[in-house]
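In structure tokens below, several structures.
Two complexes are shown next, each including chain A; its partner changes from chain B in the first to chain C in the second.
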Partner chain A sequence: MKKKKMIISQETMDVDFVRKVEALSGTSVRRCFQCGKCSAGCPMATFMEHPPNRVVRLLQLGQWQRILAGRSIWYCASCETCSTRCPNKVHLASIMDALRKLSWDAEGASKESYVQLANKLFLQNIRTYGRQYEMRLAAVFNVKSGQFLKDLMLGPKLLAKGKLKMFHSKNKNMSEIEKIFSRIEAMRKNGEAL
Partner chain B sequence: MSRIGVFICHCGENISRTVDVERVAAEVGKMPGVSFSTDYKYMCSDPGQNLLKNAIQEQKLTHIVVAACSPRMHEKTFRKAVEAAGLNPYLCEMANIREHCSWVHENKEEATVKATEIVGMMVERVKKNRVLPTITVPVTKRSLVIGGGIAGIQAALDIADCGHEVVLVEREPSIGGHMAQLSETFPTLDCSQCIMTPKMVDVANHPKIKLYTYSEIELVEGYIGNFQVTIKKKARSVDEDRCTGCGVCMTKCPQKKIPNKFDQNIGMRTAIYVPFPQAVPNTPVIDRDNCTWYKTGKCGVCQKVCGPGAVDFEQQDQLVVEPVGAIVVATGFDLYTIDEKPKGSPIKGYGEFGHGKIPDVIDGMTFERLASASGPTGGKILRPSDGKEPKQIVFIQCIGSRAREKGISYCSKVCCMYTAKHTMLYHHKVHDGQAYVFFMDARTPGKSYDEFWRRSIEEEEAVYIRGMVSRLYQKGDKIVVMGSDIAVGVQVEIEADMVVLATAIQPQKGAELLAQKLGISYDKYNFYSEAHAKLRPVECATAGIYLAGACQGPKDIPETVSQASAAAAKVMTLFSKDQLEREPIVARVKESGCVGCFACKKVCAYGAVEEKEIRDRQGNLIKTVAFVNPGVCAGCGTCQATCPSKSVELDGYTDEQVIAMIEAL
Partner chain C sequence: MEKPLNYSYYPGCSLHASAGEYDLSTRELFKALNIQLTEIPDWFCCGATPAHNVDELLSLSLCAKNLELADQIEGDVAVACAACFSRLKTAQHVLGESAVKRKQVEKALDAPLKLDGNVKHLLEILAKDFGLERLAAAVNKPLTGLKVACYYGCLLTRPTDVPNLDCVEAPTIMEKVIEAVGATTVPWTHRMECCGANFTLSRPGVVIQLTGAVLDSAKAAGADCIMVGCPLCHGNLDIRQKEIEGVYNVQYGLPVFYLTQLVGLSVGLGSDKLGMDAMIVNPTPLLREKNLL
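Now for the complex of A and B:
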């Protein structure tokens, strides 16, 4: 992968975005002095193109596009090892949460991320059926991500074991489920939730 | 018959690791004249010294050899112990089996043989040692302080407050040094002028301080307690007694465009000037190179307007001799410049930063003058090229420092902190601006220092980028900074309006020449050397001369002030006695053999050799011979080596002793 030169100026450093992250996560990005302890203990760091310390470093420079273009934030397992061990009380797990939320809102930025797509479809299913309908989740995911044959051969095995249902079953209390979703949506609108 | 005691030290493991000390002790015990020999883990410790003292008394020893480290380290320690046991201290010698043997060899067998031989030599030598009486010399209770920066001022005030007279010599027209140039100081951001100028006034008003500004040290003679210092008072062209400091001469001087060194040459001054308005003394100086009168013989406006008639174009340099007992050297530092350096200089410049050709690339001290309320811009941060306010400012640390290739491998110690301070000052003055700092390491050890640095990032919004800058170049009215962020691992480019370089600290120009006049040692960078890095950090190896401040190595203000007070304490310790005891290792002339050629007088670096007339009972002159003044003699032995008739002998290092040592091999 060719690394693009970073042009730093007041224009490229998106201070507003960083402020948003800081407000959402309730932690300071500037406090980090790049000791690397977060990356040292991160179980997912080997899968990330930007290890956790570099995510914070890029945030310090306001270079959020570089973070959202990658998959680091989606690989984060929210185990909070980084937050627990940080010597500067930078709550990195919260920062990751905030970044996922902002990435979700910005959409485009992390189009290539299937994790985001999977999460989205997962929640849609819950909203529609009140529980998970795996068959539909897998089918829609494969169609939307353009990988039609992905994991196809797993289907019959799971069906045989009864792990996958052919037809959906619906929750009886759909109105209650809808209430939860609309409440969260309202909270988000007011900025009370991520 | 001498009864020699030999004590072999293990020096922990330093010696015993490569030298079989028990075997050395046994071998030495068999040598003629040696009646006692033993070894011990730490001879210099209290039990070690007691071992020595008890052995002297129990074994009735007459001479002592301690085989341990260098005599530079512990000769005094053991001679004191020997004296306490009732022997003359100069009957004790040290054999160096650490630096000269165990540290430089690996083969235990060979090292043991060598150690035995070294000890054997000293045994032969000590047999011929004489009882030497201590020499006492009177102490002149006045002190000289060289340099009127914060170090010199603090040392002078401390000594003077103790009631001793101080002669303070400053090269520039005003005292104050570099600290007077600073705008604010870390880590508290108090204004430098506010804490500095009262001290300067204290110096000027102190009845015990004699101030020589615009003066230099010409010659230093004598020795601890009795120095004769010749000071050159450069011609000010203004009579200090008559001048009232009204400043009319400066307003009327037609030469107004001379770059002011105090303002790092970005501010202008007149030909008759004080470097800054708060100068002490507030007496102007005429810069003869730029004055119209000295160049053409016409003008003389300052003389005409001067009410008290203080301007004196005929004034000459004056030489003044001051007798002092102690000297504090506080000559401070100079800044590394990025320009190309002259050919043959051990220090190199930076080509990649524009050779100082880009006008808006300035150094940290220039930034201090820009930020200073009394500076050329009145405290506004403005670009030197077009006077615009820079909105993007880049600071680069470690310019010259930690750059072995450029000739300086040390860390200048203060740059990390003053750069953090600069970002704050900038943020306070240019609210919509952004400061960037390129750095390799942030070194902030010190009380409240790291907190200060973090504050510049967390609260004052400075962006620190770990990684060095490769190159600077002008693009339109911007300076393109090409660097890298090693935390992200990408190249970084910033278009800056101004670039500030944190340049290295170097010793003051001509530091080595002053050191040669004083007879003190200096390192390869020309920083003055202390007698011992840890245990005698403010004393020079040359007795009676003390160090304060950045002339010894890079230091910040708190450290400089502490060291200045420490040097003052050392001076006061010296002044607490009326008589000073000196080592009696001095040269003696055998008058019967002396032919009066005075070759010794010519080579003596200390002026210790005098002429002495020998007369018979009727008063007729028989001959004139050399005489060595024991108070002045430093015991270097040059006269002994020079004397053609072998009539001079240095006590403790006589030919007889040296030959005995060689024969023992």
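Now for the complex of A and C:
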């Protein structure tokens, strides 16, 4: 995809997609004039195939499939430096959130699976336990990502320091969290929310 | 006699697990300063980065739910974790600005929103509500000679207009707090650079690189230790420090303290009440050398 020639015409511009991103993020994509300040301050730009300013430019040019298929959006650390420094008040960190959501909803559009897996397990934990349990999160992540030995040496050290809890309690108000999750699902089904 | 300060306390998930020493030292320090903390009963995870990354509505709803739970307790909401702090403040900001999102979250919670509670990071409580002068007056063991690199990371100050804790690009609140209890601070380049945050789980290579640069900068500035107000920053700087030293073949040996541990030390709390034994990089040699133990 990266080396493929980019064709830009009236047909490839997708204003509807841009509008969707703008509605989700509450910020303007079209206001960006490519000064590059976001990419200059981005701590993660070196890990991305498209640095932040290019993500916005591709979006403006209707090339959103390239963004959703790539790794860039998943390598954003949400440090908010870009949003803080943008001279045009484009809240790029929120645009990244919106793009991740759209990629997430499209299920597996991106090549970056580890970050998505970690997010998925994190959210599942909230739904099941109400809170995050790091030990469970790390263990399940290792199993599901097939990296059984990842950070193996850290485990005993953290246990000895009391940093990993083997057992945990459940919130008493768990039914409330389940209701929040299911109400959101229902709203999306009925088209009341993106 | 002044009325004692009262807060509802939102520790967040990390403080009940990997950052137990942050929870312990917060409770002990606030008790010593006669500031009352009441933990919000049955609080939920704020959703942290993963929730807002892929599902803003869920993130806003979880935060609004927690603010509703906090509303049962008198006083402002005290938050220890920089990420929880950022999420709760962001939810208040976004829901205050967007009527559409507000309506959606109301529907998700099936209740009117109670968003008015003042959300405050511990730093703000110490520096502003309690006050630097009173803090200085509470010191029994000044941290004289201890050179501290104050690490803000990302979410205590950014983005503009949201946390409103201090200046977004050149904050001084951490330095003010720790200087008030006698420590010396060092100027350094990476105090607001990202540590790699939750990539520690999915892509640890990112953390090795970014946190490595932070440690390197603190060391080059001549710091004895690093002070943080975020359990994720702490995890990366402390737990992964040895691994980073191995990768780059360097020696940092920088103990990483939570702000409540250092301030607690200065008001005379013992290291058992500050969870010093839970730190991976052992702080004992440094604290002995500075006559602080």
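In this text, the second predicted complex is superposed on the first by the 167 of 194 C-alpha atoms of A that agree within 3 Å, B and C clash if a C-alpha of one lies under 4 Å from a C-alpha of the other, contacts with A are read in each partner's own complex, and residues count from 1 in each chain.
Operating definition for what follows: a residue touches a chain if its C-beta (ideal position, glycine included) is under 8 Å from a C-beta of that chain, and two chains touch if they have at least 3 such contacts.
Since the structure is predicted, the reported quantities are computational estimates derived from the model, not experimental observations.
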When the two structures are laid over each other on chain A, do chain B and chain C clash or fit? fit
Chosen between chain B and chain C, the partner touching more chain A residues is C
For A:F141, is the partner it touches chain B (first), chain C (second), both, or none of the two (neither)? second
Using the touch definition from the top, say if A:M6 reaches chain B (first), chain C (second), both or neither. first
Taking the superposition as given, does A:Q34 touch the first partner, chain B, the second, chain C, both, or neither? first
Taking the superposition as given, does A:R57 touch the first partner, chain B, the second, chain C, both, or neither? first
Three-chain overlay, closest Cα atoms of chain B and chain C, distance in Å: 23
Please give the residue numbers of chain C that touch chain A in the complex, ascending. 13-14, 16-20, 42-45, 47-58, 61-62, 65, 94, 97-98, 101, 104, 107-110, 154-155, 158-160, 168-169, 193-194, 196-199, 201-204, 206, 210, 239, 243, 277-280
Within the complex, which stretch of chain B touches chain A? 391-392, 434, 436, 454, 457-458, 461, 463, 465-466, 485, 487-495
Help me check something: in the complex, which residues belonging to chain A touch chain C? 24, 26, 43-44, 47, 75, 77-81, 83-84, 91, 93, 96-98, 100-101, 104, 114-115, 117-119, 122-123, 125-126, 130-135, 137-138, 141, 150-151, 154, 157-158, 161-165, 171-173, 176-177, 179-181, 183-184, 187, 192-194
So in the complex, which bits of chain A are touching chain B? 3-10, 13, 28, 30-31, 33-34, 53-54, 57-58, 60-61, 63, 66
